[in-house]
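Handing you a structure now.
We just call them A, B, C and D in the order they show up, numbering each chain from 1.
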Amino acid sequence: MKRKIGIVGATGYTGVELLRLLVNHPGVEITYVTSREHAGTRVDAMFPNLRGFLDLDFSAPANEQLAECDLVFFATPNGVAMKSAQALLDAGVKVIDLAADFRIKDIAVWEKWYGMQHASPQLVEEAVYGMPELNREQVRGARLVANPGCYPTAVTLGLLPLVENGLVDLSQVIADTKSGVSGAGRKAEVHTLLAEAGDNFKAYAVAGHRHQPEIAQTLSLIAGCPVKPTFVPHLLPMIRGIHATLYTTLTAAADLQSLYEQRFAQETFVDVLPAGSHPETRSVRGANVCRIAVHRPGNESRVVVLSVIDNLVKGAAGQAVQNMNLMLGLEERTALGNPGLLP
Amino acid sequence: MKRKIGIVGATGYTGVELLRLLVNHPGVEITYVTSREHAGTRVDAMFPNLRGFLDLDFSAPANEQLAECDLVFFATPNGVAMKSAQALLDAGVKVIDLAADFRIKDIAVWEKWYGMQHASPQLVEEAVYGMPELNREQVRGARLVANPGCYPTAVTLGLLPLVENGLVDLSQVIADTKSGVSGAGRKAEVHTLLAEAGDNFKAYAVAGHRHQPEIAQTLSLIAGCPVKPTFVPHLLPMIRGIHATLYTTLTAAADLQSLYEQRFAQETFVDVLPAGSHPETRSVRGANVCRIAVHRPGNESRVVVLSVIDNLVKGAAGQAVQNMNLMLGLEERTALGNPGLLP
Amino acid sequence: MKRKIGIVGATGYTGVELLRLLVNHPGVEITYVTSREHAGTRVDAMFPNLRGFLDLDFSAPANEQLAECDLVFFATPNGVAMKSAQALLDAGVKVIDLAADFRIKDIAVWEKWYGMQHASPQLVEEAVYGMPELNREQVRGARLVANPGCYPTAVTLGLLPLVENGLVDLSQVIADTKSGVSGAGRKAEVHTLLAEAGDNFKAYAVAGHRHQPEIAQTLSLIAGCPVKPTFVPHLLPMIRGIHATLYTTLTAAADLQSLYEQRFAQETFVDVLPAGSHPETRSVRGANVCRIAVHRPGNESRVVVLSVIDNLVKGAAGQAVQNMNLMLGLEERTALGNPGLLP
Amino acid sequence: MKRKIGIVGATGYTGVELLRLLVNHPGVEITYVTSREHAGTRVDAMFPNLRGFLDLDFSAPANEQLAECDLVFFATPNGVAMKSAQALLDAGVKVIDLAADFRIKDIAVWEKWYGMQHASPQLVEEAVYGMPELNREQVRGARLVANPGCYPTAVTLGLLPLVENGLVDLSQVIADTKSGVSGAGRKAEVHTLLAEAGDNFKAYAVAGHRHQPEIAQTLSLIAGCPVKPTFVPHLLPMIRGIHATLYTTLTAAADLQSLYEQRFAQETFVDVLPAGSHPETRSVRGANVCRIAVHRPGNESRVVVLSVIDNLVKGAAGQAVQNMNLMLGLEERTALGNPGLLP
């Protein structure tokens, strides 16, 4: 019998991407899709790519109906899931939050970066950071998953083998990251208009970005000591895709290519390219894959790792479906088996 | 002595384009730039391309200060200029409205399409439709100029020689037009986000668009009888540029190439391409030019005219400066003499 | 048992798109992929989106190996399939040509437009024009299918209900069409460089384009009398997508919306939008769908039909797979069931 | 009297950009524009943005005619200027090479990176690296100028104040750079097609890029000791613009904002943004400006400098005109005084 799935806040890009991935999932059924603003509208009137795939209207969010689902995704702005998660968990519903409410373990740090009081601090400890390549078994057993941020996914997977093995100078970690504009969400704003962000490139938030503490937390946990990466995000004049260019310094000898290949040999969704490669964001467009290449220019101590994902798939909805599959005891790859769209 | 120029509502794309063109104009000085919302902000903080060219803050609009200008541009939404124009004209200030308030002579038609009551119907008759290639002498003598719409500029110039000479079937005029998104203005809206309008193409307003009656009015005036063109606009995934593809049917023999060349031989800002050409929007990027090619496929009766402009230049701010030059007795080409930016 | 599929010339965009669609097809196996130039290269080295999906090298084309396939696709330039098709058919292999070799029934017309002598005129009569919505049963029984051109697919499907029912003035048919640059193929050329075609829009081939006779042939066949549409293609600054804006004139009363809905009610791959809609190319990105909206502005006699496809899917590889499914007796929708990628 | 200017190889992007800037230059006249391949073609037939500005055909390059010029630009591939420069200098003609022939002082290094034997090693010593902000007086007196590379311009100007003042750890210099595709030139190649480079982002040449030794040479010269920056270039899905994100580590206390402002206070073409800013490439589109912002996130020792230029202007043709103005004793800013094109 198909599991019942609810999606809260499905009018944004991570919402429609969840729908795109789930409409053909053989083990689940989307039963409830909410939008306060668009209640009563057909979902496929807003997202015509779904015409013929989903016969559903947006509903106003109601706890009783969410409580009938087996699992609920929150594809909402930060600060929404933390208000409803406890009630759903109490009703036996599993929860995946695609926003940041449960990502940061240190409540004070979270409140500083997200500018609000946390509504469910008691759940933060329990929440599992949903990156299966890092902690698959924990995800399998989780009631509540904090789906990782898009930049943190690309950066963490890119640095994982180096940090796990204690091979690099942790005081010299730089993540120069670039994202397509869909990462900014489907919000009416001037700076992401095509006439502003098109044919243009810029850094932003150099003074500090919310994904820096998330990355720092994960890397510190892996390293067993505090890591404070320098993190600089940039806005790309395109829709989908993140490219992380990661710089660090080797402190021990290592065959990096085989280190990476071995670390991810069993991982369907991490693809280590042959030595000397340069992954392209388009190779993962629409696909739940992180493609990685590792370089050591001139064979010196500087390591340069290139890591690409589709920010809406492995960086959001795809990874969420991967987590859902694990939480529901389904095959991890279900509904995530299509190649990227190239060109 | 330099003439004093005011710009009302200079925070939009036609506003910043007026500024770009005027900062190097030897005959005028920008003395007053208004924005209700951004009063007190430096103009070049919003538009950093102007750093080093303009040492001015946005001011809240005030009639006394506007009244000290020689000429005021309204780069405002529809319905703003009509409320202030009379007072400025009474104070001896010339006015150019880049919006639609004074374009349509039939008040009832205007009110139907623009959805509001006209605040200065008495000025509509006086207002000169500012397309110098059509009515240069009237523009020279005007106090109040209605700067043409972007689509109407490309369509009217493209059809002008055919309609003036009575060569085509006026019941068979189709204007299939395509515009970059800057034509939608610098407004926070979802449908013009890069993630929505990028890598995408669609028609809009097929049932009816405000520029249809404007085009119909001008063509009818030229033809001396009612013309009702079919007008379909589309949104291009790029920033600047309009391409009008114009279809009509010849009713008399004519050498179209030489007809077009002769009609525009004295026009600096209309460039008739050699026979067989296809004008590209990028060839006019940033330039006050309309490039036109005229085709007669298979030498049959169907005529296909291709007409391109930069919607922000010949379709808005550039044509407005051209009108300003005429109204102030300056050389028509002043500050409009740079080639387009290609590539 | 899975059918064996060969693809000749798989290094272009229709080739990689065939591969993307077929790697997950449950009824077929890609056994042979050719490229004279890249023989010996892994397919996924050229197209990294296929890493993990296809363990195959490009081979130099060899007739013996092609003869072992159940069906061979030619994703080659014009003029290639016509040289090999007869031998393959003789060996009992079914053939689908994605190029134009077998589309035009009048050999003289074909030779004029394609600038070469036809190498297999004897096969042209037999070849079935592979548009299942028009002639599904013929495709089912075909040995040799001429896969339609991208523009002709969008234009023909858009006009089909009107022409079939004799509702319009066939001397007044205008197809103003716009295509993404992938339609020009994966060839090293200056005019399709990003620095040339990006941020730019232009018409091309106004004097005459090869798809005009193809459209004329199909419409004439449907109408039962000669139709000579005016056809003007344009190049869009984006990768995938065709938008056809079709103009004609009604000669009889008709409820166009219900006409279109009924005509395509049973067609999975043609989606008639609600009245008043404007289909977007992105809604079909990566999907084998033609989305259509029909308009009659002001309820007058002019009809405006908007028709969008992904030129690489319903306009090429997707329609080819649809034809293959029919020819092999498989369910027509197999491997074509994913929603478009939006945003 | 106007100086006579020749341009060798004017069919590429730096060539047409030189033409765009020079057609309105009051002190020079373009007398001779060469292209072996397109001799006899009107320049404005290839570059229609120049219609009305330049009445000239491409000529086959001929030394006698070049020798009649006052100054000749080489907008050619690497390896061309070095074959003709000596003869022109001997004839009293000044030369600016926009390619790399005279940039690297160490001939062996040059030959290694450019893969050919140097044809005029005797001129390399004399050639002045044409970055006026670094060595204006040398440029003024030069007969032969090596116009800097695009990346080196953005990187060097961005690091100049730090390196000049010995404030940073020179073993920790990372330049993560991103360029629009016009930097790859107007060559028929697959990887820069819109369908390949559009909607995509990737690093390239991580193992080593020709601009690394050029940057290293200049920084080492300024520092007075060897500097080996890590240099990683990336390809942006847009036409014009370079963004350099520069990372290094402070070794001494400094007020970086005022350091940068003072260093460039007298420089028209370097614009230091207010503290906390993020320069956008579009703010310099078409303009001869380098915009810089300097950051120190968390006030720690890591410095992040953001530096943007238009690769075709300050990164190529604009800087070349700036050099020409100095070499000919003209006002340095002539013909370089237009604001960037925004949006």
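FYI, a residue touches a chain if its C-beta (ideal position, glycine included) is under 8 Å from a C-beta of that chain, and two chains touch if they have at least 3 such contacts.
This is a predicted model, so every value here is computed, not measured.
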Between A-B and B-C, the pair with more C-beta contacts
B-C
What is the chain whose Cα centre is as far as it gets from that of subunit C?
D
Whole-Å separation of chain centres (CA-atom averages), subunit A against subunit C
36
Centroid spacing, where centroids are CA-atom means, of subunit B and subunit C in whole angstrom
39
Per the centroid of Cα atoms for each chain, what is the distance between subunit A and subunit B, given in Å?
45
Where in subunit D do residues touch two or more of the other chains?
13, 182, 186, 195-196, 198-199, 237-240, 279-280, 282, 285, 343
Within their complex, subunit A touches subunit C through residues 13, 16, 20, 23-24, 47-53, 182, 186, 199, 239-240, 268, 271, 273, 279-280, 282-287, 291, 337-343
What does subunit B use to touch subunit A in their complex?
13, 180-182, 184, 186-190, 192-199, 237-239
Okay, in this complex, where on subunit C does subunit B touch?
172, 174, 176, 178, 195-196, 198-204, 206-208, 230, 232, 234, 236-241, 243, 245, 247, 276, 278-282, 285, 293, 295, 297-298, 302, 304, 306, 308, 343
